[in-house]
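The first chain written gets the first letter, and so on, giving A, B, C and D; residue counts start at 1 in each chain.
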Amino acid sequence: MLLEASGIVKQFGSLRAVDGACLAIDRGEVVGLIGPNGAGKSTFFNCLAGEVRPEAGRIIYKGADITALSPEAHARRGIARTWQVPAVFAEMPVRDNVMVGAFLRHHHAPAARRKAEEVIAFTGLAQQAGAPAGSLGTLGRKRLEIARALATEPELVLLDEALAGLNPTETAAAIELVRSIHAAGITLVIVEHVMAVILSLAQRAVVFHQGKVIAAGPPAAVIEDEAVIEAYLGARFRRRSA
Amino acid sequence: MKTRVPLVLLGLAALGLPFVLHEVYYQRVAALVVLAAISASAWNLVGGYAGQVSVGHAMFFGSGAYGALLAYTVLGWPPIAGAPFGIAAALLLAVVVGLPTFRLQGHYFSMATIAAAELIAIAVGNWKLVGGAAGLMGPAAPRSIADLSFRSPLPYYYIFLLVLTILLLITARIERSRLGFYLRAIRGGERAARSLGVPAVRTKLAALLVSAGFTALAGSLYAVMIGFVDPESGLGLLVSVQMVIIAALGGAGTLWGPLIGAATLIPLEETTNAFFGGSGTGATFVVYGAIIVLISRFLPGGIAELWQLVRSRRRLRAA
Amino acid sequence: MILVQLVADGLLLGAVYALLSSGLTLIWGMMNVVNFAHGDFVMLAMYIAFVAVTFLHVGPAVFVPLAALMLFGLGVGVYFALIRHVMRGPMLAQILSTFGLGILLRYMVFWVFSANFVSLPNRMAGGVLAIAGLRLQDSRLLAGLMALLLTVGLHLMLTRTAFGSRLLAVAEDRTAAMLVGIRPDAMQALAWGIGAACAGVAGALIALFFYISPLVGDSLVLIAFVTVCLGGFGSIPGALVAGLAIGVIESLSAWFIGAAWQDVVVFALFLLALWLRPQGLMGKA
Amino acid sequence: MTLSRRTVLVAPALALPAILRVSAAHAAAAVRIGAIFPLTGAMASAGDAIRSGVELLVDLINTANPNLAPIPLMATAGLPRLGGAKVEIVFADGQNSPAVAQSDALRLITQQHVVALTGAYQSGNTLTASAVSERYGIPFVNGESVATNLTTRGYKWFFRTTPIGPDIAKLYLDFLASVQKSGMKTSKIALVHDTSEYGVSVADTIKKAAAERKTPVALDVAYTNGTSDVSAQVLKLKQAAPDAAIFISYTSDAILFMKTMHVQNYKPPILIGDDSGFSDPSFITTVGSLAQGVLDRSAFVPGKPGSNAAKINALYKKKTGRELDDTTARSMTGLLVLCDAINRAGSTKPDAIRAALGATDLMPAQLFIGYKGIKFNAQGQNILASALMVQLDGTEYQAVWPSDQASAKLVLPFKGWT
């Protein structure tokens, strides 16, 4: 067991965004978090990343309680994330963006630079390495986010809609990238709207509804689940597959 | 290393400048340029690289200035011997003020730093033990060379130049190190930076400590040269604003920006004051204000942007 | 009794702060731009009032709208000539430009009117309303009333009108607003115009009971910045509440602790408040 | 590339001397004196008034004005002992900054080659500017800064003509004692002052002197200069109901106090303003109608028609449209003493001017200000400096105490507004 979250509760004002959600992730898994807008999957995701501190529940990572730790402590322990709206450092060159991540494990600039170059090559950003991150397009920014996260040499990467807003060709390329990350032995949690992505990438899908996990299992099985279809997937999935 | 040549030339020009400017008044202006460049460069670490726009750096400057002159008035020491006290006080202030305010974002941080600095300025103005509103005076006449009281501005110029060089070397070092990358990452987006393992508060505090220390040293040097400090000239809002303006005008978050800003703004201030000051019309500040507006309008990234424009245009032509 | 008078004076002073802050917080909230020239906008309005009274012999019924109108024009002009361009730059460029603009305005007035203090004739300050031992100056009551009206008016404009929702849409997301057919430039220019017009109303009213000089903005505006920040940037009701609170705190601390320390009390409480609520009293998190 | 980087950095600094040299045009044979005053910033209103006064005085020195004959240098054109050389004033703006005032002093001495300096209004500015003149051995005559430590620095080249703190405290306490003798109670004194160097230092000397006379100050109200409201301060006065209130305030606050006292309908029986804010002509034009009968410490009163002071005041009024205020008159007196010394020295050599300054001995009749004369002690302080109490009647201050110098009768209690 790499990570185990149990009984997570997070309240925003009168809205209970996450209401006792549980999730366990094994080393080497690719887990997809799905659910309609407002189902609480993003808040849950942010709890896993340390960005949001839950009011109740525990998150155990590699045997240690990380529930109350800061985002930077999560990064140090090997949990990296990307952002739904890309949060690249626009004024810095692509290479320097990645170096910020690389500095986590390599304290000296030359080593960090070597690590960054390696990750940049792996993510296919070599062409743009010297350009300011602000000049990148959507795909470039998403790649850069992933590259930055990988540069921290994580064991677990949390991808927040890393593929949203891409066209079909770009999506295919991005799926390839995620596959190769998984192939490199990194555990992945993906929040995604696009079901095709979950179907082709995830080994297990976890469905959120009203702050709770209502179903979990192989994606193909989950989407057949009557409860899931009724609660949420029905209309949307039919429209997408049509 | 092709960048070494201009650096050496710049260094030589700085060392030789007084031989070109052989009139003492220009030498004084040169010394004031270097002094302003020190405090603006120090501010730049926090305000420029880390993007935390402090408008309260006068509290550190004032610590240094008061430290120096208190050492003289209370202990009878040469003022410069009080610099370590001033720096120590500034470091303490940096921790006390920095830790709670660093959790504020953007303009809230700026306003909080203004309030903290004003609070200190008023308190010092009402506090007789540190001179109160009347301020503190340096030695009326030099007792020994250690008082650093010179008729010529040249010794000050070279002392300031030495400090500035050290600060620029440290800044250049930081710029290329992990700390420098982390500072720029925080400017680029604090949440994203933290998710990459950047310890935001500790990083900002580290930058603030270096910044506060050098700002205090600039304050001590100011007090030694001017021989007087009062709450307004040492701790006033304009002292902070001057640092912000100089760094922003030259190019915040760049190594040379504050220096360019100081080399532009201080001679501009002195020239307009020399030309128009006596007229009593306020033309000094009409010109001064107009130039600041024009630069911000056409070069929002500071004068350093001009250099980048030239460079990119040249690259275009080469391509 | 003294206490009641102190609180009343504090509330009237607080209303002045709220009045000064209304335009500032609008611009701040709509565009995330700090207008460091705001105090000088107020100063300009005071001189407009002075010139109108001295040369045209008119009363507040004329010079308050006049100042609002002229400042509106100035605000729109400043937006197109300056702010539109610096907004694309970093936050520092905005500080630099409005700070420079403030100096420029201040010393242009200085050039024309000299540094001397002037004042509207004392009769313009109106009488004194004496009720139950309380003594309140008519012109200050008028300023307080206008502060309330402006606050309510601006708040309603932002929350209840189509124009307000367009303004907020631009503030939220410029590109998205453009996609639904809103012209951000026109909206933001109007925001600047309205913000400056608020400074115009504030200046013209304050001129009734305050002195006028080219540097008068300095003594008024720092607390206005604190007010806006304490209220939460962009929160118009917040500025009113914060202004009134600061006014009462100043008045009471001047009495109980000493006027020399009243600003220390205000700044200290302000820092404490920010520490507890980093987004201001009524700001959005 | 190397060229452009260097140019960007160094060009502004190199261009400076070329720009500045243009301004250093020399006028032949004139005696140049540097005058540093705050011509911009928060103190500019005072600096502006002084500037006009200095210009007037220099005009009078440079032309023959026999009708002002008792005043030195008036009857002749220019400085007679220097072959009628004209006096030329080079103004500099000290702003509100001791560092700027110091730069000004250096620039005036080394670039404009002034033979002496005067100024610089704020005590801090005077302190730093005179430190430069001391290092360069150039005489510096100050006519208006009151900080005591200016003349305790052991400086050889610094002279001051104005009365300072202890003189002022003595004046007030003597005045109040004499009023008490006439039957009005004056034992309960309130001090209202700002927390500037000026406000605090004058308040402290008064407090000390009052304590020594066993009539300690009953109420001490300190506030910050440039405040936006003084209601609480006025309420404090109103509640304490002192016999006499002494205000040590700059112009903006003085105006605000009068307006607020009017609103609160509070009039202390004796209201004394300590010069500065209350002497500013702006004070009279803005709130004069609310301050009828306010007493002011002043060394200058226009006095009876035909007196030196009345004539100078008339000339000033003709030039500026305003009454000559005390601070300006004190600054003018400092400059007059300096010009007189240069003339007596018969030379522009610093040592000669300094010797002549040291030997200064002017009689009251030679002045247009109410000093008992001008005579410097070893520290450079004028030991004959003094002031009187004046009272506002209409738009003019009249001398009311001491009675031998009075031009009008003291009217008490304070009338304020009608």
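Points to keep in mind about this one:
To be clear about the criterion, a residue touches a chain if its C-beta (ideal position, glycine included) is under 8 Å from a C-beta of that chain, and two chains touch if they have at least 3 such contacts.
Note that this is a predicted model, so its numbers are computed, not measured.
Farthest chain from subunit A, judged by C-alpha centroids: D. Overall, the chain located most centrally, as judged by its C-alpha mean against the mean of all protein C-alpha atoms, is B. Centres computed as Cα averages put subunit B at a distance of 31 Å from subunit C. Note on chain placement: the centre of subunit A and the centre of subunit D lie 73 Å apart, centres being C-alpha means. Separating the CA-averaged centres of subunit C and subunit D is a span of 36 Å. Counting partner chains per residue, subunit B has residues 122, 126, 282, 284-285 touching two or more of them. Residue positions of subunit D with contacts to 2 or more other chains are 40, 44, 47-48, 195, 222, 224.
Multi-chain contact residues of subunit A, defined as those touching 2 or more other chains: none present. Here the touching chains pair up as A-B, B-C, B-D, C-D. Across the interface of their complex, subunit A is touched by residues 176-178, 181-182, 184-185, 187-189, 191-200 of subunit B.
The touching residues of subunit A, counted against subunit B in their complex, run 49, 51, 70-72, 74-76, 80-81, 83, 87-92, 96-97, 99-101, 103-104, 107-109, 112, 148-149, 151-152. Partner subunit C is touched in their complex by these residues of subunit D: 40-42, 44-45, 47-48, 195, 221-224, 226-233, 235-236, 239, 251-252, 255-256, 259, 262-265, 280-283, 285-287, 289-290, 417. On the subunit B side of its complex with subunit C, the touching residues are 47, 51, 53, 100-101, 103-108, 110-112, 114-116, 118-119, 122-123, 126, 237, 241, 244-245, 247-249, 252, 281-286, 288-293, 295-298, 300-302. Residues 1-2, 4-6, 8-10, 12-17, 19-20, 23, 39-40, 44, 47-48, 51, 90-93, 95-100, 102-104, 106-107, 110-111, 123-124, 127-128, 131, 134-136, 147, 149, 153-155, 195-197, 199-201, 222, 224 of subunit D are the ones that touch subunit B when the two sit in their complex.
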